[in-house]
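Structure record follows, encoded as structure tokens.
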Amino acid sequence: MSVTVLLFASYADALGTSSLAVDLPSNATVADVLAELRARPGAERLPPSPLVAVNQRYATAGSAVRAGDEVAVIPPVAGG
Amino acid sequence: MSVTVLLFASYADALGTSSLAVDLPSNATVADVLAELRARPGAERLPPSPLVAVNQRYATAGSAVRAGDEVAVIPPVAGG
Amino acid sequence: MTPVARLTRDPIDPTALLASVARPRHGAILLFLGVVREVNDGRPVTGIEYSAYEAMALRELAAIADETLARFDATDVAIEHRLGELALEEASVGIAVAHAHRGVAYDASRWVIEELKRRVPIWKREQYVDGTREWVDPTGRPTEAAVGGERR
Amino acid sequence: MTPVARLTRDPIDPTALLASVARPRHGAILLFLGVVREVNDGRPVTGIEYSAYEAMALRELAAIADETLARFDATDVAIEHRLGELALEEASVGIAVAHAHRGVAYDASRWVIEELKRRVPIWKREQYVDGTREWVDPTGRPTEAAVGGERR
């Protein structure tokens, strides 16, 4: 299955893109998405445990992901 | 000597005036001004120890007053 | 940096208050507006008349503004209190403060309104739906009307 | 009573924010503005670019507005965050809250800005006098540049 990974701000700069498709086995979790991401050039600039949202809600490493999900890797927020 | 007494809001209503002249011996204090005021009709509607300002600064019963001073008897403030 | 401390019979202008404290060094601006509300202590209000011991009120407002600068590390501050007859939803007081950091701005804004309510000689007479009016005593002591009722 | 929660690329309008929370039942209105200041952590700033995960940021802003109503006894609230390039002294965020009583208005306003800074996915890149730009990390973890410098 495939999920869409969104990257923002410094993380988008690090990986050179703001969006990419990642292929995963079924029953995958957020941790699996991050493991796939680690293989990409520039991913060493991500912190060990970045914030993640699945379908626009904050999630944890163990959260399940499903085909077509939108998985966002979220740098430290700096609004206001 | 004479001082000007200013009255405001409910106190002005009580005494039916917002300003009056009070004659006092020299060496008088705020307490003496209030005692003079007590003799006026309506003064029974003042509280036992009203707030007082002398020349626009809060004062106490023992504060001295001098000829020409402006002594204000100040109802509970309700600004804002 | 001259702090603003004014009494006015015109409507309070929030935009002007904000502009009077804006500086490039500030990261946070806080505007407090006290407004006339339709009910007080369960009684329907139609308007409020504010009056003041004007010379002393100005002096106290200016003192509060100066003390704000001293207590809160040169926070810019503007305080304006309205006098006269106010309708529902009109602002009786406007306080703008600005500071590099928001925590100080919140603390300073709150301090100013509490000081204003504690010491500035301003009074308000509420007008009620039934046509009566009454001076407001925030201390909860007997009102003029109640004391009058006890007249010997 | 629909709370306002918006992202905008236009300048924030304080007057419109205040109007959107004004109701006859309120006695206090508080407006917080976060503005771009000229210095951050000792570095002279010339401007800030704000960006967001827009769909999620809107969802979080709306959630904060709804939670404000629940936590603070039906306080009216309007939250607006700006995106894009901002110059010095421009407002990046505006928060208006109104309540019958000022204590609740202060508490609610402060809660909203702290929640916004904690959880709304918005980022800022500061532009400095020397022409460089840097993403701001309020957590104090190594910045992008610093992490990049450690690249193996």
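Each chain carries a letter (A, B, C and D) given by its place in the written order, and its residues are counted from 1.
In this section, contacts are C-beta pairs under 8 Å (C-beta built on N, C-alpha and C of every residue); 3 or more make two chains touch, one makes a residue touch a chain.
Because the structure is predicted, anything quoted here is derived from the model rather than measured.
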Of all chains, the one whose CA centroid lies most distant from that of chain C is A
Note: chain D sits from chain B at a C-alpha centroid distance in Å of 51
Cα centroid separation, chain A vs chain B, in Å, comes to 74
Between the Cα centroids of chain B and chain C the separation in whole angstrom comes to 25
Shared-interface residues of chain A (touching two or more other chains) are none
By the touch definition above, chain C meets two or more other chains at residues 34, 113
So the complete set of touching chain pairs is A-D, B-C, C-D
Touching chain D in the complex, chain C uses residues 14-15, 18, 22-39, 88-89, 91, 100, 102, 105-106, 109-110, 113
In their shared complex, chain C is touched by residues of chain B numbered 6, 8-10, 13-14, 44-45, 47, 53, 56-58, 72, 74-80
The answer for chain C against chain B in the complex is residues 34, 50-53, 55-57, 59, 81, 92-93, 113, 116-125, 135-139, 141, 143-144, 147-148, 151-152
